[in-house]
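Both of the next two complexes hold subunit A, though its partner changes from subunit B to subunit C.
Let's look at the complex of A and B:
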């Protein structure tokens, strides 16, 4: 029962709540308490399950949360299958229709994730693996692909790592395929700050060694990138480092900086030798409890080398500003604006809404208007997306 | 049968078969040895909305290509083939370049066309036979540690 005591205490001071980086609105700066990954996102810990049920889920009767006891349905598979303390199985199932206005094909059904995950915790050793089927653009995460050229209908593993927790879990050493530590770990993996820095948690994990630290006033992670060993040939693998540090000078405020540098003999996107750098700042701020503001701005510096070894450097950038407003506990409104200059310029507006009607269940709707400024002229796109997300 | 498990897992609509299938559609339509990379159209390796801005993509859109519409893809590539469209102006038509395995977006010698290490080697996804970390080793190690911790406890 000790898992549930902290969420219960939190409830006394935080009647509304939400997950993700905006959790800072409720005084939660560390991600490691709720997530298996010390830098956040993905599978929840046992404690995180309780917090999710008490603080994130929508409750028909708000008195349900006053007891401070999570629902039995907060457990794995809605509590239907008890699990030992050392084994934490879970899942990440996400899908729904996408609407592209102006397209001949009005509604596109998408299966975005079908991962089953498991974490073994044999203190101080922890091991984590995620396995599922990749159905769309999962190339870098593919383990076994019946069609290597497209990566469709393939077995994928976004993460698999072995870790060591030290100093009362304040320090976590990991080796394996790990999310790249950089910036806000926001779930909108197509946002420019995630896509252009190649640091999203959808497919951009890399093999390497990472050290994460979580304290009251500071959290940080740095990773040596050894390359993504799920793509071949070796020349396309990026090697270098990535890391961030985030400080908490006062309550409800986090200010961070990130840095990334990689080298690939043959860049996966441009096909040429590329030294890729991204350096940026990010901030999380909750002026009032139901509202969290999230910002990230990154400079993107690419140095490409031609056949003679002559370098050409291009400088660009990407920025993201999002508000996460808890209208009532369990219901969120998520407007955001973003822009980027990396090759073509882009400006986009997002309006998202999320509802957590049941344990481990999220219904999310997004409307995205994106203007791209290409050499051939500006183009506009409007995309609507409805997602059902079960995180078991 | 390949789609059975994902369908069971999600109990929802058909798997996505739209834009993500464009490379395979091009392969089949043009009888290529292998499907082109997403980067033949997109500026990012994983594709995505607003990123299909390369010259070949612009030509395809001008020829009627619509996102997620395979019929429009087939019609557009047929149009480019018939017109001999040469998006990068190197004298070789786009479809001819796809068949030859070269990049229709950049003429040779510009430093933009596959001059990195491993040029010519197709990018493949998934673990190769060599050097792949073996998860089963990690699991066995953990089981051993578990047994040890029980003995010590």
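Let's look at the complex of A and C:
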């Protein structure tokens, strides 16, 4: 199982890209207004840049939000380089020190993202690409690596797709390397619900064809997975489907369900033929504007086949419950608990805090305590992570 | 990409706002609002599932010998985002010039449910918004308890362009001109 066989550093590294399912607290159920991806996460649209500056950024004087427009610095390159409306360039730079208590290396410097992204929009056609340079531990997102044995200094492309927006952007068809539609698109890419379902937006994107719908009462996306063509041989590529639907029965409440089924002739982690299923539910709820509660629970069903073709099925699960509490605008506290049973059992507690001091700047600290329950007995791990995240 | 685009784009998503209010169908002659806050809201939608909801409780009833008029003050209408509210009031609804929206319903057409009964249907009224008047149809539901405490709710859809309200557009997001307005209140008779 891939999740547990990953190196400790990768396993315990915390949040990734930019995605805020908690924006439902501001009445935003749909993701497409603020994100290039119709299902959320990653590069912001022009409107998303503006709302990020107004609703996410910390303001010394909170009245700035009421009296002013978004800062010009919220534009590309902090507003230094005007761009035409049809071109949306951006960048995603993320890194910081990680502390793993008990490891041989006290502090591990991490460079997690050095992506440059661009979206070309010539209505109704849209094209999007993200390229990162000089990264390591990017696994399935690597395009080229000078040293495949270490994966260092790799060229990474997390996403590249061509899309068609129809019916006033309510329907978006995409083909290319696309984030797998499943569950909450939370940024904590090492959370069990993301890692065990292989649906994070850090490296788990797949090549395929996706159809996304966004309406005022529901949003949904389904994707035919054709495999990740950045890994080889062909046998390790997972093919199948993934999708979700989320309903908004009342204001500030979203309730969704997800499903995924893939087949690989030789699973990348277990190296045996594997039919992998994940089915789950998720919910977003903002009882008051400063607080959003996010939940996801997934059932995991793996069917492995031995050399004789005999199947062995294992059933497990993963769950995630997080609160996103805006203490003051621009300062968030993000406690979470999670558990999983997939091979070994796991129980973890997260305490994150994020501060957005400047336009498109995030400073985030996370403390993660994980208790793993293996046959050999329980083990504990504690990780502290500090990240500076700039999204140009 | 500049965040201060052309004047046309600066419009706020906001929208539409307010429009309205209104209604509630039922009215019933000689009605007085109870202390239960009224709920008036408009919903505007944009591309890609974008939705904006504005709310206020500032509903009042005015009655003369011809009509019952539902009046909604727009000054306190809010969408939950301060800048959007400001754009809505200043650029689109021009609240300083047009401080309220009114729906006048002829008394002769008003239903008058019996105590303990309920009724529903469609009525017509004259909507005054942003300095323009138009007759519009609206749906209503109303019920009264045996103590003659009545609740009523109504809804209608209008095209804000027909009321000379600029279609809100901001940073690439443009709302559709059709806006749904809903209102609910409780009164005694």
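Operating definition for what follows: the second predicted complex is superposed on the first by the 370 of 392 C-alpha atoms of A that agree within 3 Å, B and C clash if a C-alpha of one lies under 4 Å from a C-alpha of the other, contacts with A are read in each partner's own complex, and residues count from 1 in each chain.
Basically, contacts are C-beta pairs under 8 Å (C-beta built on N, C-alpha and C of every residue); 3 or more make two chains touch, one makes a residue touch a chain.
Remember, it's a predicted structure, so these values are computed and weren't measured experimentally.
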Subunit C versus subunit B on the shared subunit A, clash or fit after superposition: fit
Which of subunit B and subunit C A:344 touches, first, second, both or neither: first
First (subunit B), second (subunit C), both or neither touched by A:129: first
Subunit B versus subunit C as contact partner of A:95, first or second or both or neither: first
Subunit B versus subunit C, judged by how many residues of subunit A each one touches: B
Which superposed partner A:139 touches (first subunit B, second subunit C, both, neither): first
Partner chain in contact with A:86 - subunit B first, subunit C second, else both or neither: first
Least C-alpha distance (whole Å) that remains between subunit C and subunit B when both complexes are overlaid: 19
Complex contact set, residues of subunit A against subunit B: 86, 93, 95-97, 100, 103-105, 108-111, 114, 120, 122-123, 125, 127, 129, 132-133, 135-137, 139-140, 142-154, 160, 162, 176, 190, 195-196, 203, 207, 229-236, 264-274, 304-307, 310, 312, 343-344, 346, 348, 368, 370, 372, 374, 376, 379, 381, 383, 388
Subunit A residues within the subunit C interface of the complex: 26-27, 29-30, 32-33, 38, 45-47, 49-50, 53-55, 65-72, 74-76, 79, 82-83, 85, 88-89, 165, 168-170, 172, 214-216, 219, 251, 289
Residues of subunit C defined as touching subunit A within the complex: 1-5, 10, 13, 43, 45-53, 79-83, 86, 170-173, 176
Residue ranges of subunit B touching subunit A (in the complex, touch as defined): 2-3, 5-6, 9-10, 12-16, 18-21, 23-24, 27, 34-39, 43-50, 53, 58, 66-69, 71-72, 103, 109-119, 121-128, 131-133, 135, 138-139, 141-142, 145-146, 149
